[in-house]
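Per-chain numbering from 1; labels A, B and C assigned in written order.
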Amino acid sequence: MTHAARFHGVSQVFGDFTAVDNIDLDIPDGKLTTLLGPSGCGKTTSLRMLAGYLAPTRGTISIAGVDSTRTPPERRNLGMVFQSYALFPHMSVADNVGFGLKMRRVPAADRARRVTESLELVGLAHLSASKPKKLSGGQQQRVALARAIAIRPKLLLLDEPLSNLDARLRIQMRAEIRRIQAETGLAVVLVTHDQDEALEMSDEMVLMKDGRIQQQGTPQAVFPAPANRFVAEFLGYENFLTDAGGATTTIRPEHLALSVSERTPAAETGAVLPGVVLDVAYRGVDVLVTVASADVSGARVELLADLRAESAPDLTPGADVWVHVPATHLVPLAAD
Amino acid sequence: MRTRHPIAASLAVGGYVVMLVPILFVVVTAFTAGSTLRFPPDGFSLRWFEAALTYEPFTSSLLSSLMLAAISAVLALALGVPVALAVHRGALPGRSVVEGLFLSPLIVPELVVGLALYQQLMVGFGLDNFQTLLLGHTVLMFPYAVRVTGASLALIDPAVEDAARGLGASPGRTFLSVTLPLLRPGLFSAALLSFITSFNNVPLSLLLQSRDFRTLPVVMLDYVQQNYDPIVAAISVLILAGTVLVAVIAERTVGFARVFGGINR
Amino acid sequence: MRGRTALLVLPGLAILLVAFLIPSIAMLFSPPGISPGEVFARLGRMLTDPYDQAIVVRTLGLGLIVTVVCIGLGYPIAYLLSRSTSRWAGVLLALAIFPLLLSSVVRTFGWLVVLGSQGAIPQLLLTLGLVDSAPQLLYTPLAIVLGLTQIFLPLAVVASYSALAQVDAGLDEAARGLGANRTRTFWSVVVPLSGPGVVVAATLVFAGAVTAYTTPYLLGGSRQRMLSTQLYTYSSTTIDWAAASATALIMTVLVFAVSGLSSLAARRGATS
């Protein structure tokens, strides 16, 4: 596998605060890689170092195999889409998109053609004469994307590109960005704090916390096998149980089953724990049931079960239930 | 305006009377046919305007004032905008100290600055009065140049400048093609404010005057002290007209209250 | 990076030093042809001399009166404008700001036309038969107060307006909704919240009033000397450098003291 970019022991220290802590990271070529993590974990800082806006305190960054640690942003040839879009408010859409080409002294005729191409790719060719302020958020976002793509960058960097859009548009743009990535074959790095977005869009996902990488891999590899409790929590594993050997395991809410009569259908092997219903939240398709219970080690735990609405038993808070924990879905976790 | 605050309203009316009525009287008096500042005026004529426009000390000092205001405004911007850039964009250690220094001419009384420059630079150091005036006015405009352009710089999303760099523009190119155009309203406001402030300045211009170079306000002060005729009313009306013109230009471009009131409605 | 940033500041800083900071400090210690220390000796004599004391007292007194009048008139203007929804409010605000742009010589000259012995007010009083001969209004403390009020009222309006505009009008309504009447609301919600802004406005007006030259010169003349007119006389008529520098020092200390007090008050207000 070739690498579009590579972080080598990179740290970023602001004063006495380490925002990025000694990360090694390979960005595969021609794929969409997401940086996923909670607010303040160092995603933007990593991206800004990659783009050349911040010099790493330690370590090196290479782009397409060339050490670029000290290369200024204007000579990295990367396309970046900022969270605020950062369109030039005093230029038309076409001039925004053509800016990078102008800086590269592309002749006017070529430039016009490539601007149109890029705008067509995002479906906005008809707005080329407008000023950015006249556009909706989603349109501005597409212009920013077209502007970044127009320079035919080595790598496309997107910092939370969807977070300023409303929910419907966000879903729509996920597919749009995937399509553009596929059509252009560009390597893309996308920063997000939304795990659904990362799972849906990534070829490769990188989970970060406190400036460190927690886990990296394809969504198919990472999701069923979170490496530690942080990753599990971040991906929506709500239930944490200590097993007989004292190790921590986790299981997703949709894998728990509840029954009212004692120990009935124990279809699968695994533990059956007694508990008391604390809360029932009906959500149409499914029902979320919170149960106070104790795990096999005897520790008190609160478990969350996500049941399909049509097959869920009729429960009210205070009811005694049995919680079935199928062994096949239990994921062992490494310590943090 | 009808009001539910009768006390506040009567105080406000009083305030407007004090602010504006004397100016109205100047306007009325300027059109008198008589030769004193008597009220009510004796008839109507434009003779005092003609007199004002042909009175050499007024015309030459008007040119001096305009020139001084223009040059010092340009100088203040040329020196002050880089400071604003350094304070808001650069890696400047002690940026608040630097900004404070450049705003400090605003808190020292102008008369004191004038005295200091007169004593130390003109008498002590032997600079001529035009050079000293230029330096003094430039320093007095620094706060506007630094603060007003700084405020509009703070409104520009730094990501926009980053974006230009990422697209291949060098720092210089980024400044010229992105920062500067976005800064234009701020620069324009700062220039107008500086120009007006310099043009109207009395304390510095008074202390630093010489027979060869005097500004219009200083000549007017002198004239009023010696003579009591409506020629000053006429020149005042001309200044008023010029000031209204500046206000209209400000309103048409950046917005009057934004330029002069520091008010963002 | 740092080096380049410093380069941006350097030219301006050089001018600031040469044409402001160094001369201002040198003025206190070595006016031309004067031995160091003489300025302070002169200052000591001034502070005990009844003639000079009277000037300081007059300057302070008139400065205070002007400040009170400017806030007293300017705050209501700003309050009404900030709470008005009328489309005239913008015009009235512009009318209050506009005098700031107009030469203080022109504005003060207006009072010569109004208060001079042949001016509007004395002539009106004569015509109405209220007085036998034109009263002397120029060169009185009243003339100076009127003139300085005209000059600094716009400043008071603008500064109060900025403060009041930041007090959410919704708070007024909330207070009314909780049962406070209009007067109670004004004094217990609007005034405390805009207070710090008013302190700033008052400081600006006071500092301006005690250092203004044009108005005391034209409307006070030699009968109502203030620190500013005195400073000019020392430096340009009698050429008494030590006295001029000492006067400048008094003026500067006065302004700095008031600014210092007001920012102290603002900080107190912010913490309490």
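Rule of thumb we're sticking to: a residue touches a chain if its C-beta (ideal position, glycine included) is under 8 Å from a C-beta of that chain, and two chains touch if they have at least 3 such contacts.
Just so it is clear, the model here is predicted, and its values are computed rather than measured.
Peer 1: Using only alpha carbons, which chain's centroid is the nearest to the whole structure's centroid?
Peer 2: Per-chain C-alpha centroids compared to the overall one single out B.
Peer 1: Let me spell it out: compute each chain's centre from its C-alpha atoms, then which one is farthest from chain B's centre?
Peer 2: A
Peer 1: Using the average of all C-alpha atoms in each chain as its centre, how far is it in Å between chain B and chain C?
Peer 2: 17
Peer 1: Centroid from C-alpha atoms only, then distance chain A to chain C, rounded to Å. What do you get?
Peer 2: 59
Peer 1: Roughly how far is chain A from chain B, centre to centre by C-alpha average, rounded to an integer in Å?
Peer 2: Chain centres of chain A and chain B, defined by C-alpha means, are spaced 54 Å apart.
Peer 1: If I count partner chains per residue in chain A, which residues reach a count of at least 2?
Peer 2: Correct list: empty.
Peer 1: Using the touch definition up top, name the residues of chain C that touch chain B in the complex.
Peer 2: 1-2, 4-6, 8-9, 11-13, 15-16, 18-24, 26-27, 31-32, 72-74, 76-77, 79-80, 84, 86, 88-90, 92-107, 109-114, 116, 118-120, 123, 146, 149-150, 153-154, 157-158, 161-162, 165, 182, 207, 211, 213-214, 217-218, 228, 231-232, 235-236, 241, 244-245, 248, 251-252, 255-256, 259
Peer 1: In their complex, what parts of chain B are in touch with chain A?
Peer 2: 157, 159-160, 162-170, 173, 177-178, 181-182
Peer 1: State the interface residues of chain A toward chain B in the complex, per the touch definition above.
Peer 2: On the chain A side, the touching residues are 51-53, 72-80, 82-84, 86-90, 99-100, 103-104, 147-148, 151.
Peer 1: Which residues of chain B touch chain C in their complex?
Peer 2: Residues 1, 3-5, 7-9, 11-12, 14-16, 18-26, 29, 36-40, 79-80, 82-83, 85-86, 90-93, 98, 101-102, 104-105, 107-113, 115-121, 123-124, 135-136, 138-139, 142, 196, 199-200, 202-203, 206-207, 217, 220-221, 224-225, 228, 232-233, 236, 239-240, 243-244, 246-247, 251, 256-257, 260-263, 265 of chain B touch chain C in their complex.
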